[in-house]
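Presented below are the structures under discussion, each in the form of structure tokens.
Look for chain A in each of the two complexes below; its partner is chain B in the first and chain C in the second.
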Partner chain A sequence: MTTTTATHRGFWYRHPKLQLAGLLSAPMAWLVVVYLGSLLALFLTAFWQVNDFTSQVERTFTFRNFQEVFTNPAYYGTVFRTVSIALLTTLICIVIAVPLAFFMARVVRPRYQAVMIAMILTPLWASYLVKVYAWRAMLQPESGVIAWFLQPFGIGGPGYGFIGIVITLSYLWLPYMVLPIYTAFSRLPNSMLDASADLGARNGRTFRSVVFPIVFPSIVAGSIFTFSLSLGDYITAQIVGGKLLMLGNVVQQTYVTNLPFAAAVSMIPVVIVLAYLFAVRRSGALDNL
Partner chain B sequence: MKAPAFIESIKRRMQVQKKRLLTIVAAASASAMLVAACGGDSASSGGAAAPEAAVYEGPVGDGEGELNILAWPGYAENGTTSPDVDWVTPFTEATGCKANVKVFGTSDEAVKLMQGGGWDVVSASGDASLRLIYGDNVQPVNMELTPNYADVFEGLKKQQWNSVNGQAYGMPHGRGANLLMYNTEQVSPAPDSWSVVFEGDTPLAGKVSAYDSPIAIADAAVYLMATKPELGITYPYALDKDQFAAAIALLEQQKGVVGEYWNDYLKQMAAFTEGTTLASTTWQVVANALQGEGVKVDAVKPKEGATGWSDTWMIAKDTPNINCAYKWLDWIASPEINAQAAEYFGEAPANSKACALTANKDHCAIFHADQQDYWNDVYYWNTPTTACLDGRTDVECVPYSEWGTAWTALRS
Partner chain C sequence: MTSVAIRIRGLRRTFGDVVAVDDVDIDVMDGEFLTLLGPSGSGKTTVLRMIAGFERPDAGTIELAGVDVTEMPPYARDVNTVFQDYALFPHMTVIQNVEYGLMVKKVPKAERQQRALAALESVRLAGYERRRPSQLSGGQRQRVALARALVNRPQVLLLDEPLGALDLKLREQMQVELKEIQREVGITFVFVTHDQDEALTMSDRIAVFNEGRIAQIGTPMEIYEHPGSPFVAGFVGTSNLLTEEAARAVLGRGGVWSVRPEKIQVARGTVEPAPHQHAVQGRIREVVYVGMSTRFLVDLTVGGQLMVVEQNSDAGATERHAMRGQDVTLLWDSDHEYQVSSSSDGR
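Then we have the complex of A and B:
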């Protein structure tokens, strides 16, 4: 009995590469075949065309889809709008999340920290659709809660449209921004703050020179979530966007009648997100996800 | 529609939404992948020549024990939406065909699913049926094998969207018109023209809504038929380049007064309840549901006429369950079942004898099931093709795929 065990252990011990292969083959297959493979297939699809009548994909090579996407001015507006929404959403999330995360990590007594984390996470448990429809009710132009709240100030509610989408998306993705920043704040060693104070730095200087550089990668990490999630969203735009379209809506509207065209459109957010990731990789954010 | 049923419909719509989310992911990745990997010969069916498929000669024998049904929401209810609404389980009990039902949200989705295969029967609207026929996805149907076909309204038999060269391709299910709905408290006098939703000087600017689908271009064409006869539009699904451009121009103008577009009747109901929308195209079922909720709305068919739908149950070309499929077509068209289905969805039944069997005895009157003259200026959804559907041969018409891209560009 002992001999067999020893041999067995010895086999894996003597073949470390086999061991590694056994461990990684399943996840790698998933990543390469299912994940990257489908992206590649999507990319290839963008070069085909459809039958005018039956909408069936015809495997004839063409640049027409990309040409249509990049030369029809109607789509510039949508790309610009979508990116603006994603950037603005990210910005609002940062503005809210940084003080909130600081408060949670450094001010609140430890026993309440868990409660606050739970409160931040709770909305994630509710259905996405329920939350968006709730915002639809709140954003209602004349009788919604927000319009009612703004009435005494003589301002009308934002109604459905650009601002409505930004507000709703900011609400939806806020937890994804709060959590990484909270982690960064709670990891911040007290000794560093002490050292900064000992060297004569005031609060502002400490924040700029000590706290911010440590927290910054986490902010970028959070922004990757909020930015890319906003970029691909289409249901929020449908419900609170009035007549505005985002890129996701264009894909949704065309993927059945013209799959190759939808594939070409869906390459735009992929390229934008890749560019974004490329731009932020030096900040160290990718180590903080 | 009573309140509990409405709540059920909300839940159902949300499931549909979720499914759509999945469908997007699936279509964007999986189907692209399948097409890539399998290397299908989909290109071969590119021509628009009528396919020559053999008609099943029958007789309809014992069922194969299984039937895969692709249906509009509310068309093939098996009790999962509401235990009281079930005409699929009795079908299984009567025929031994175990039914698997999948619900789709748009005609385009239905076409995509049928092209993927694996489904035996489908409830296709006119903007899907021809694509299925010419795409060689469905087979002609021998109506002699379905006794209930005899009682179907004559106006629904062998029409442009459910037959080719006199050969029927399926069993009519029901029909409805896309109506003009308005808020009766805030819109007066009551509108009798589509002008309130199309013209730039409408008093309802900003509170107008329109259906968010390429097929809405036909709504504009119907209005142009009446207001700009010089364009020479005779059939809203046969638009040549100039006529199409005029329709798009009208829709651009409409975009200025539209508050939001709708493609989900739940969202439309919310907009009318809130008062953010005061006038819009709609379906009778939505108007009824809103009236049931106490919202002050009414729906009319304006004087210009309207678009509409007329749905047909079709059989997949390669179905292995041909007997079960025929049994289903006959089952769904039987007076009792057709009455249940049409009343549940809120449309005019196809079977003339169904009118006597609806729970609400006024159902057929409300939905104008037996008034043929009501339907004379209702243009059922159809699939525009390069060959003009109105018979013109001196020009080419704009095909549906271009309707799709034009609509997306308009909305962007």
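Then we have the complex of A and C:
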């Protein structure tokens, strides 16, 4: 009995690659078949079309869906708007997160650091819908908190629309930007700042030449989250966007009646995010995720 | 004679309730290699950081070449530091790291490059310019840090336990190299370490720190041969103290006395000392073979212990090893005993 057990153990010990294969084959199969497979199906569907009379999907190859997206101003306008919203959201998140993360990592005493991280993280526990509806209430023209707050200054609130979407998305994705930057700031050794000052650099110079380059990859890492999450969002636009559409809304409106067209539209953010990842690949941000 | 590179007067620094540095006065001469030696928490690093300007003193003044820099920020002081963790900038290449100080001071590009290359050459790292710090070994990083500081030609170079992270062989090699470099460039070095051997090998003078104060300052020989307090005797070299009672019995005088272990001879049985010698009886409790030498730990009949070190220069190592438990007489020249305090509780 003992001999067989020993032989059995020895087998796996002598074949570490087989052991690894045994561990990974199930999750790899899931990733390839379900995840990449569905992406491939989406890609193929984008080149099919719907018969105008029968409303049936015809499996013949065509560029018609993409032509429609890039020639119809309503659609390419939406592409432009969606990318603008995603970029602006990312920019706002960076502007808020960098000083906030710096404050959390290097100014606040360790005891309050934990409290601040908890404060950043707890909104992630609340339901997405609850948070967006909360913003709908706040953004409400005339009676919303923001409109009420701005009234004494003679300014109306942003109401529902472009600005409303950007504000809401910035709020939603801010933690994804703060956390990687916070980690980068707290990893930065004090001696690095001392060394820069020691070599004759004033604080501004130290920030430009030492702190920022070291923290930059984590800003890019955070921007991957904020940018791609914003690009794919459609519920926020539905709730606080007024009549404005984002790419996700177009997909949502068309996938029942014209599945190939919806597939073509949803390929756009995929391609944009892939291009973005390719562009930032060299910054080292992908090692920071 | 030589002028004073750093003059420190009445330096004091507290962290909360802890007094890290208290009433420290030092004059560091031009071109001198001064070591601040002490256990961790003795304030030696804090003094170094105050000279660099990273910490502000609560009281006291620091002068560099006659100029009061106490209120000046680090970037305005003509000193450079080699950090314990090297603090190389990870996003820059070796040459960019070395050039950083010159670039900040707006030295023209051609001169900058030439000086940086020369600095790398002087630490024997020519050919490594394009590497990143992460691609270097610990010893190489240490040299880059040294080149990055030296390239600025500061009045004073501050070194904060720069060899602490290296293994023994490399550390001993770097000790010699550092000393050579210091002789070549003629810059004043202030070197912080907790390693007494390092301090004794490299320094022109040593300041021994204890609990935020300077316990003793002097040449390595003065510190080692004439320790001024039980603390210094114990921290530099082996603590070989004759207690008050033992001293009274052996020397006929009170106070705490110290004899360095290599100054003592071991003789079997009871031996009468020569007129210029002192002797004490004891029993060997432990014999430790350490390659180059053998260490005896001897329980004295008058109370206390003494350590004796004998070189294994002859073939007697095996014989020595068999001496455990034997009664012996320890003999030393009365020139080699030093009173380290007048009473046993004194410092």
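The rule is simple: the second predicted complex is superposed on the first by the 277 of 289 C-alpha atoms of A that agree within 3 Å, B and C clash if a C-alpha of one lies under 4 Å from a C-alpha of the other, contacts with A are read in each partner's own complex, and residues count from 1 in each chain.
Note that a residue touches a chain if its C-beta (ideal position, glycine included) is under 8 Å from a C-beta of that chain, and two chains touch if they have at least 3 such contacts.
Computed from a predicted model, the values in this text were never measured in an experiment.
The larger set of touched chain A residues comes from B, when the choice is between chain B and chain C. Shared-chain residue A:Leu44: touches chain B; no touch with chain C.
Partner chain A is touched in their complex by these residues of chain B: 14, 17-18, 20-21, 24, 27-33, 35-37, 39, 42-43, 45-46, 48, 106, 108-109, 111-112, 115, 130-131, 134-135, 212, 214, 255, 258-261, 263-264, 267, 270, 274-276, 383, 385-386, 399-402, 404-405, 407-412. Against chain B, the residues of chain A that register as touching in their complex are 37-39, 41-42, 44-45, 50-60, 68, 72, 74-75, 77-78, 127, 129, 133, 136, 140-143, 159-160, 234-235, 238-239, 241-243, 245, 249-259, 261-263, 266. Considering their complex, residues 189, 191-192, 194-202, 205, 209-210, 213-214 of chain A touch chain C.
On chain C, the positions that touch chain A within their shared complex are 52-54, 73-75, 79-81, 83-85, 87-91, 100-101, 104-105, 148-149, 152.
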